[in-house]
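You will see subunit A twice below: alongside subunit B first, and alongside subunit C after that.
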Partner chain A sequence: MKGPVMKRLMLALSLTLSAAALAPAPVRAGATDTDEERAARWSEIKASIFGDRKVEASPSAVTIDAPARALDAALVPIGLTLADKDSVKGLYFIIDDNPSPYAAHFTFGPAADPGEIKMRVRVNNYTNVHAVVETKDGRLLESAKFVKASGGCSAPMGMSDEEAMKGMGEMRMKFVGDVQPGKPAEATLMVRHPNFSGMQMNQLTRDYTPARYIQKLDVTYGDKLVFHLDGDISIASNPVINFAFKPEGQGSLKVVASDNQEGRWEHSFPVPSASN
Partner chain B sequence: MSASVTRRAALFGGFCLCCLPRPGFAVDALSMEEVAPGTFIRRGPDAEATPENADGIANIGFIVGRDGVLVTESGGSLADGQWLREQIARRTDKPIRYVMLTHVHPDHVFGAAAFRGDNPTFVGHAALRGALDARGAFYRQRLAEILGEDKAGEVVYPTMEVKDGAEIDLGDRTLRLTAHGSAHTSCDLSMLDTGSGLLFPADLLFVGRIPSLDGSLLGWFKEIERLKAMGAADAVPGHGPTRVAFAPAMADLARYLTALRDETRKAVASGVPIEAAVQSVALGEKDRWALFDTYNGRNVTQAYQELEWE
Partner chain C sequence: MRMRVIARGAALAALGLMLGAAGPADSPVNVPEPEGYYTGPPRGYTPATLKGATVIDLKGLEALLPERPVLIDVVLADHRPAGLPADRPWLPTHRSIPDAVWMPGAGAAPLAPEKEDAFLARVAALTGGDKAKPIVTFCRPECWGSWNAGKRLVAAGYSRVHWFPLGVEGWQDDHDTAVARPDPAWMAAASERAAQR
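This part shows the complex of A and B:
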């Protein structure tokens, strides 16, 4: 059992992290790790993602809203609130003890209102989670929170692979409240996709279902980028992302999503106008 | 007899000291209730799996028929199944012909390994095999972490798969089996005993302990109607008292599921996010169920995922 899992982990890592991430021996992660062990792991992850760039501890720059103990390890709601949204260029979310820790990287565009991002992730172990804000002037500001959960990545989907893939690529967009030109508006994007982690067992073949997950997702408003997301296996199945954007009048939100197996889906959602 | 008591004491880490001094006396009286002639059920405590309870948390038991024994639920671990097997041996010499595997959850199937030597027919829903393939190893590992490797048991597959319905003849009675649509899980199997008239809905009916949702909320409502149509007056629920009047017990369950459905729908419709919904949905049910805080939020998570795509 260990064999195939490890293979998937390496695969997932190689797809998302720089080659440097493959070099260090994996640090054993567990519920009983000491603070020192957790700190060592984070240093290692940081180096693999950010190289030798300085990452400053700044709990006030980004607030992580996550349950201290997850109700469902396969669907842990995460809220990230950014203090100085005008200075934000990007946002990283990392789940230190997940097999593939680098969960998501958002890059914001001119149509974004990056004050808050919400998403749902898998958590495989008792772990620190980290959010790192990249500012427009190149600073990296980190914040952390400890989450208790276990088995989120290998937890079975509860149905057959075939059923889990039904409607793959279907999308919905929900707009919250009145959308008014010039005022930031909130929206929730839902995407049907199993986001197979590569650690779930296929019921028929008795082999691990290969990882298949949303790898890239772009949301644009008119011709302006709202955000680009690089995703990974730690994002829960049927991804749901809550974000805010800056409507200017008539327009549509366009979503283009692609997964690591060359699936590509595109949908356009007219933004409801408050004028009528 | 003394050997078996020693084994039982070992299984439960010596916790059941009250039962030890008089083998065959207090043990029998306390552990199994004869809910109908020849039908014995052990009430599972409203608890989570612990080393002390050996995951013996579901209502497990057996029916002694003319031609043999049918095990209604196998137990939550090898240890729990071995205990049940011993209880059977104390009461009858008849062979164990059938072991029901009512759904994929560990507290219902991990006792099955204890009956392998009896070579019974293991009976399960047609979807159970797939569910065990998907989850069995995962559950076993979690169980072994709690109980230890030697007590966890192993995954046992059904040797008789029920697709829609089936009947089992024990000579003096027929047991009517129904394979249900996705409800509590995706592989729920119920049983009606024509001898006693008792319905065995397994975990399609929880009494006192909060139901857990792991299949389909909307599907569960459909299967409640099917169970009602079977016309049984009394039932042996998967969790709770060993024998209950079916209608009021099912009404309680339906009331909880209705609160879960309606309030989750409302949350989805009014833009209440999932992390807020888990804190607010079905709270009116809080004082009515054991383990509410352990399971309600998870049930809301499941319900929300199902209903947000409506």
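This part shows the complex of A and C:
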């Protein structure tokens, strides 16, 4: 009985019904449910990451520096400044409307000076971004900012995949200013890696390049951890991370990075000491 | 707006532009209309015109809204990337012009005949069979999908087709967006008919 005619009939019926349901759509008079929708979205994400744990609003605990309107959605600079760095255990960065919202999680070690972290991310659409600080006593403190950028996750890199993967795993470390023992020092780590989001379409073959991104990255000073990073596809290609650490004298910063396709790279950078 | 679009465009095209050596297909100001549907790379500079349809900017769209046009969004749905670990939360969301009907991929070309039928059947239902009802097709900037969708509707005899090439981005510069879910009728029709093949 369920021949093509019947199917067609049922389809036509369902189309008519849903059209009827849609027809009296209300005219929007300015106010929309946007804020409510965004809050609901954040609740859903929070639950998926933190489960039942309470996340307290605390705009002063972490300040998010991001361009209100980004020039390039595939390369949005983010600065996170932490107010009470001595109490910080970890830092989450979440881009609400990205399909994989959980962008980065830093866990700080004893050699860290976690006052500020900078990085570059992909933003898929006009969205709230959230930074959540985890304190050593287990509290979660959140702060938010609205960022106008879109299309960053799927933006093609403008070169072939092979070209984008050239030199994958190469790293550079730049130390800022004089590095003096006992004083926090700033450094910038640059990793060559396409960090393919898996949402980038090869414009000619129309295939999606599979996700290939830095999943874990550890920076240590001597035998002490500076930070551990759990990364995701929202981190921009050729990741650049700005951080601070506590030099003690002579030593090296060691970086171990691995991606989700069994790529693993390790580099050591001697910390320049102020010899004068 | 234009500047941002260019900044986001393919590096090659941008380079060509700076050198002034770009062919018409690489230029944001002079892309000729293809004869039929556009079947090239889905992302790229689009023409300034669509024969048989009206090309509108944000002001044009705002002026049209009181007439309650049928808004058709053909932005592609995000697919879970290959290679993403199973334990990663995958929570795709799509925001669009409020009250738009989202038919992901309806602007593809070529489009399987049964999907084309489903698209046209859906639009017929949305317009209540009124071929003179205003319709707006859109996706994102530099996206050929909405151009193709508009062309399809012109070919189907709709007399007031509008193409809004700035898409969701052009709208959200000045207005709120609303979370859109894939149109259930389109999704069901498209997958059911595909399954029959």
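Following the convention adopted for this analysis, the second predicted complex is superposed on the first by the 239 of 276 C-alpha atoms of A that agree within 3 Å, B and C clash if a C-alpha of one lies under 4 Å from a C-alpha of the other, contacts with A are read in each partner's own complex, and residues count from 1 in each chain.
Just so it is clear, contacts are C-beta pairs under 8 Å (C-beta built on N, C-alpha and C of every residue); 3 or more make two chains touch, one makes a residue touch a chain.
None of the values given here were measured: they were computed from a predicted structure.
Asker: Between subunit B (first) and subunit C (second), which does A:67 come into contact with in this model arrangement: first, second, both, or neither?
Answerer: first
Asker: Between subunit B (first) and subunit C (second), which does A:190 come into contact with in this model arrangement: first, second, both, or neither?
Answerer: Touch status of A:190: first partner only.
Asker: Name the contact category of A:151: first (subunit B only), second (subunit C only), both, or neither.
Answerer: both
Asker: With the two complexes superposed on chain A, say which partner A:75 touches: subunit B (first), subunit C (second), both, or neither.
Answerer: After superposing on A, A:75 lies in contact with subunit B but is clear of subunit C.
Asker: Applying the document's definition of touch, where does A:238 land relative to subunit B and subunit C: first, second, both, or neither?
Answerer: first
Asker: With the two structures laid over each other on chain A, which partner does A:211 touch: subunit B (first), subunit C (second), both, or neither?
Answerer: second
Asker: Output check: A:174 vs subunit B and subunit C. Expected answer is one of first, second, both, neither. What do you get?
Answerer: It touches subunit B, and subunit C stays clear.
Asker: For subunit A, which side has the bigger count of touched residues, subunit B or subunit C?
Answerer: C
Asker: Give me the intersection of subunit A's contacts with subunit B and its contacts with subunit C, in residue numbers.
Answerer: 71-72, 151, 154-156, 158-159, 201, 203-204, 206
Asker: In the complex, go through subunit A and note every residue touching subunit C.
Answerer: Listed in rising order, the residues are 4, 7, 11-12, 14-16, 18-19, 22-23, 25, 27-28, 32-34, 37, 41, 44-45, 48-49, 71-74, 97, 99-102, 124-126, 148, 150-151, 153-156, 158-159, 196-199, 201, 203-204, 206, 208, 210-212, 215, 232-233, 260-261.
Asker: Which bits of subunit C are touching subunit A when the two form their complex?
Answerer: Touching subunit A from subunit C are residues 4, 7-8, 10-12, 41-44, 68, 78-85, 88-93, 95, 98-99, 101, 121-122, 124-126, 128, 140, 168-169, 172, 176-179, 184-185, 188-189, 192, 196.
Asker: Which part of subunit B faces subunit A closely enough to touch in the complex?
Answerer: Where subunit B meets subunit A, its residues are 129-131, 133-135, 137-138, 142, 186, 214-215, 271, 273-275, 278, 297-298, 301-302, 305, 308-309.
Asker: Give the list of subunit A residues in touch with subunit B in this complex.
Answerer: Touch list, subunit A to subunit B: 1, 65, 67, 71-72, 75, 77, 79, 118, 120, 151, 154-160, 172, 174, 176-177, 188, 190, 192, 200-204, 206, 238, 240, 242.
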